[in-house]
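Down below are the structures I want you to see.
Paired with chain B in one complex and with chain C in the other, chain A is shared by the two complexes that follow.
And now, the complex of A and B:
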């Protein structure tokens, strides 16, 4: 048997006890190094032992419980998905591109951690695995070819049964040979049932294996060493290798199940949306998803989850029918067990995770992105304050989640307008270096925080807010031509009509949601022409790039725009 | 001799600090997979040859060494070559300024390729994490926009307008300051850094790293400081630089693969890596294959 990099067999790669919390274990399988770590939720991650940025081993990284932090540049990768959640060199634009470390399948069973080179085979328990209480023996690394190790184990007991996957049953022990490389292996034994004197038993087997190792290594020196397996470091995707000046998030749709729907507070309904299989994509604190509603509308909702928490997304929906009735449909007709289509998470509200003080200010349903931010800061033990303004105590959503936080969480109830302003002023305080404020809530509150912060010396870069609504007056007086490059069509946009409306009149199906330049759904690449941006979605540098726009509110300053549609 | 690209063969390669070679005594090391021996004659002039049966510390009559490799001295170090090296070493004009303190800060072995070490030297993003509270600290993790050009005239990579907030940028610094850097890569395995000097605002300290490629996956870093510092002792200045280097060493030795991959798709670049990307491309265009994994095709 020759070992290949793609051998799909499941092998044990560690003992459960090699993975205490907040530790990263360096595993090995078939010539590869693996970073193996347990998150605080118990999940075990098996990843390629290499940060995708500059190749530094993640086994020297820091296990923060829900994210792993690389020691070289501070990049963080999320539990389960291995998706990058933070790039400190560019804190303002978070990882706009999907950067995901390579992961391997994993299963924890019988006191061992199991993995395979790929997903081709499902994990199967070894024969007779289920009815015993297994005790893992001390593993023994051996510098010998894995088949030779297996043959030597077989010679220990003439009645031994050879089992699939380089394993052997010998009496009440099952031996597994973990192929580390073409010429290296680890012997891992499982003892059926807990012995009366475990220490003596463990010692006895350890002596047995030590003797076996010595014989095997002596024999191995007498034959030519096999060539080591050469792991292939897979190339990153082409879009990760190029560096766009700005990254435009474009999501695919995926289907989720409404796992739970509950009343989180007076007027706020919570929805837990679970993946149909496995986990959902990585998101950053502050990110939102577009939810495609049964009535054909699309609405944005912030993800409230904490770091590495990817089995489901929890969103909060304001029950009173806001806007064009999107939330109303969710609240009234969507039930537990229903399927919904959602976009991949997008983030227009990136959180800096290197601030000396972070102030989070939420009004009403604006708590949702800030709850997620607070959970990320909390998990990394970074200082923050969360001020949550509600009309009455019954309206404070996600109370249990807020109470589980260790930072300073203050719920301000039923304050009159002038007291809100005064409270905001006190909460903010005078600005000093490396302090940041994040605010989400009604427009009036956003404006109040912006004005107060500015008056108290907070610079623009330190004030972060997210609009769900564009309150600007849209100037739609211009008229111009649009050329749709991919559809080979030229259309005239007259004053008073939007690009979106004109495209729809011409029979094109184009996505949109808020239709007021706030959500980013109708984001379109512009190939030529000068754009008159009127949205609040794109930031200034994105606008200045003149490479994309919102077809619902943007217009042309030039006579013609060429769109990538 | 292994497969060494012609450009690498013709370069001047650093092998030892001049002061550390005793005349008439053999020092041995490895350059480009080849064992070499070094000594100095009675006038102090360096001699380098392919090592045969000499041992480290042997006493030798320098006049007896017949087959010598090309040799030159520069910036406190001895340089040699296996090919036809250029007439001059790359220039560091500041080294000649009368009031500067020039010093070698030691030669440190690192189990990584020389180009990986150069790239690490060019990188500001790691300061807050690897050199915490010295060259960087949270919350100042942001790498601001800077300019990079490959100067055709001088055949070097040049990164300018690099700014970073540092708690303690130099031995003479007493408080955090925004430091401005200029990085030059005038040689595939050497880089020179200019940084604002805490003592004299109008001038810049110079720190250079010369990497001796021992094998494709191992090198020795030779450090030079050319400082304007009237108070610190040379021991302190050396210790400061060695502390910084000691912090880089374990990170570098945990980088995989150990050779620098030149294919743009082998690792994920970000805007902060502009100088590293220019450096990788420059190596690729020159045809350097030693210590790198060339891009396919």
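And now, the complex of A and C:
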């Protein structure tokens, strides 16, 4: 038998005890190097041992408990999905959400970690596996061909049974040969039932295997070494790694189950949305999902989860808004066990991870994206302060989650308006290099933070907002021409219609989400013409640059706009 | 009294002293010695300090000391008030010195392979790599059974000693000499533990480990 890269057999690749928390184990199976690590939730990840960035080994990376960080370039990959959550050199620190490391199937059973080169076969226990309590012996790496190792093990006991998958049963021991490469193997033994003196037994078997290894390696030097298997490392395509900053097209929807619905605080309903199978996609701190509601509406909600927390997304919905719009349906009619369609997570509110000081300011339901950011900063031991303003009579939502944080978390309850402003001013302080503030809350609060920060020397780039909605009245009385440079089309936009609507009528597919100038999904580059911005998404300097706009609300002050579409 | 270290940034032996002095929170001055490519450790002025022509050299007041293992012992006995880094117990002293010697063996194998590959030294690379693997196999076995017996470090006390520092750098730098540590999982786990010692410092090629999981 010669080994192939595509052999679908499940082999043991490590012992459970090889994977203490916050360690990355370096393994290999059929020529492929593996980075194997246990996350703090107990899940074991078996990944190709290469960071997608420059091919650096992930086995020298840092296991942060929920994400694995590449030691050299800082790329981070999430537990379970292996989705990249951070690319330091990216303009928005934001990865294209589909970049993910290659993963291999994994199973932890009988004190061993099992994996296979592909998903073709389901994992099956070895014969007699279930009714015993197995003790793994010390593994013994051998520089010899896997079949030779198997043959030598078989010679140890003439009554041994050869089992499928390079394994042998000999008395109360089962031997597995892990094919590391064409010329290398690891012997992994399982002893049935705990011996009276485990340590002495472990030493005895270790001695036996050491002798066997030395004999095998001496024999191996007498014959030509087989050529190592040559796995291929796939590179990330350039367009994925350099995906545009904001205008990410809408991904497909997926179905989630409402696993839990509860009252998180006065006026805030929590929803836990779980995948029907496995885990959900990787997201970044500050990201949101579009929830498709039973009445046909779409609403955006921030994910409150911490890093690598992919078994379900937790969102918060303000009950007060139940009077109108989409949230009413969620609060009133959606029950536990119901199914909902949601979009892939998208991030319009990227968190910089290179700040020396991060100030998070939340008002009311605005806590949701900031909770996710705080959890990330907390896990990464980065300095942050979270100020959460709630009105009198209202309680703080997600209180347990906030209390679990180690950073500076201050809940300001029932402050009068002028005191809120003063508190914001003192918590911000004077700006200095590499400080950033993130704000999410009612528009009055956002404006107050914006003004206070500017007065205290904070530049626009250091102030980050997330608007949930655009409260401004949109003036759509103008009419003008748009020229679509890439599509070679000229269209007329009459009063009362948006650019987005006109483009769609002309048969173009253009992404949008909130359609009120708040989310940034429809961001478009403007090549020529004077823009009448009416959105709340862009900041003042971005607006002044006259280089981009939201096609859902913005219009032209000039007779013509040339768009990069 | 001022401590002065004659140091080459990329030398694992010099790093051992920087590491222990950082752990013991000692202040010291550095005199850089251009080991490569300048070969200043063979210059006359340096040979007066250390006729063996080897880095590191440490001066503490009027004392001039050489040999990283000897200096580790000196620093621990002189400045470590806890007495943990070089314990007084005779049996443990013997263990520590045993591993200091292993540290030297790792230098003459793993580090020699690194010097040959990265610094153009004329050593027999294959022989150096083979010998390093032989030592790593022994260490991995020692550490694996140590974990079963509740011992996290090279010597028997429940805390690290200078033995762990003496063996650590050239184990960590072994890949630069073409010596993979894939076959030594227990050795790899031990390097994580060393990198979590409070006061740990980095050098080029030796990174910190992530934070340990805090037990709630």
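Just so it is clear, the second predicted complex is superposed on the first by the 460 of 565 C-alpha atoms of A that agree within 3 Å, B and C clash if a C-alpha of one lies under 4 Å from a C-alpha of the other, contacts with A are read in each partner's own complex, and residues count from 1 in each chain.
Heads up, the rule we're going with is that contacts are C-beta pairs under 8 Å (C-beta built on N, C-alpha and C of every residue); 3 or more make two chains touch, one makes a residue touch a chain.
Note that the structure is predicted; figures quoted are calculated from it, not measured.
When both complexes are overlaid on chain A, the residue A:228 reaches neither chain B nor chain C.
After overlaying the two complexes on the shared chain, residue contacts for A:56 are found with chain B alone; chain C is out of touch. Shared-chain residue A:99: touches chain B; no touch with chain C.
Look at A:356: by the touch rule set out above, it reaches chain B but stays clear of chain C.
Of the two partner chains placed around the shared chain by superposition, neither chain B nor chain C is touched by A:457. Touch criterion met: A:27 reaches chain C, while chain B stays clear of it. In the superposed model, A:71 lies in contact with both chain B and chain C.
When the shared chain is aligned, chain B comes close enough to touch A:88, but chain C does not. Chain A residues in contact with chain B (one complex) as well as with chain C (other complex) are 33, 60, 71. Those residues of chain A lying in contact with chain C across their complex are 14, 17-18, 20-23, 25-28, 33, 40, 60, 62-65, 69, 71, 138-139, 141, 186, 198-199, 202-203, 206, 381. The part of chain A that touches chain B in the complex is made up of residues 33, 49-50, 52-57, 60, 71-74, 87-92, 99, 233, 235-238, 240-243, 352, 354-356, 433-434.
Interface residues of chain B facing chain A in the complex, by the touch rule stated above, are 119, 125-126, 128-130, 138-143, 250-251, 254-257, 261, 263-272, 277. Contact residues of chain C toward chain A in the complex are 141, 144-145, 147-149, 181-183, 185, 188-189, 192, 207, 209-213.
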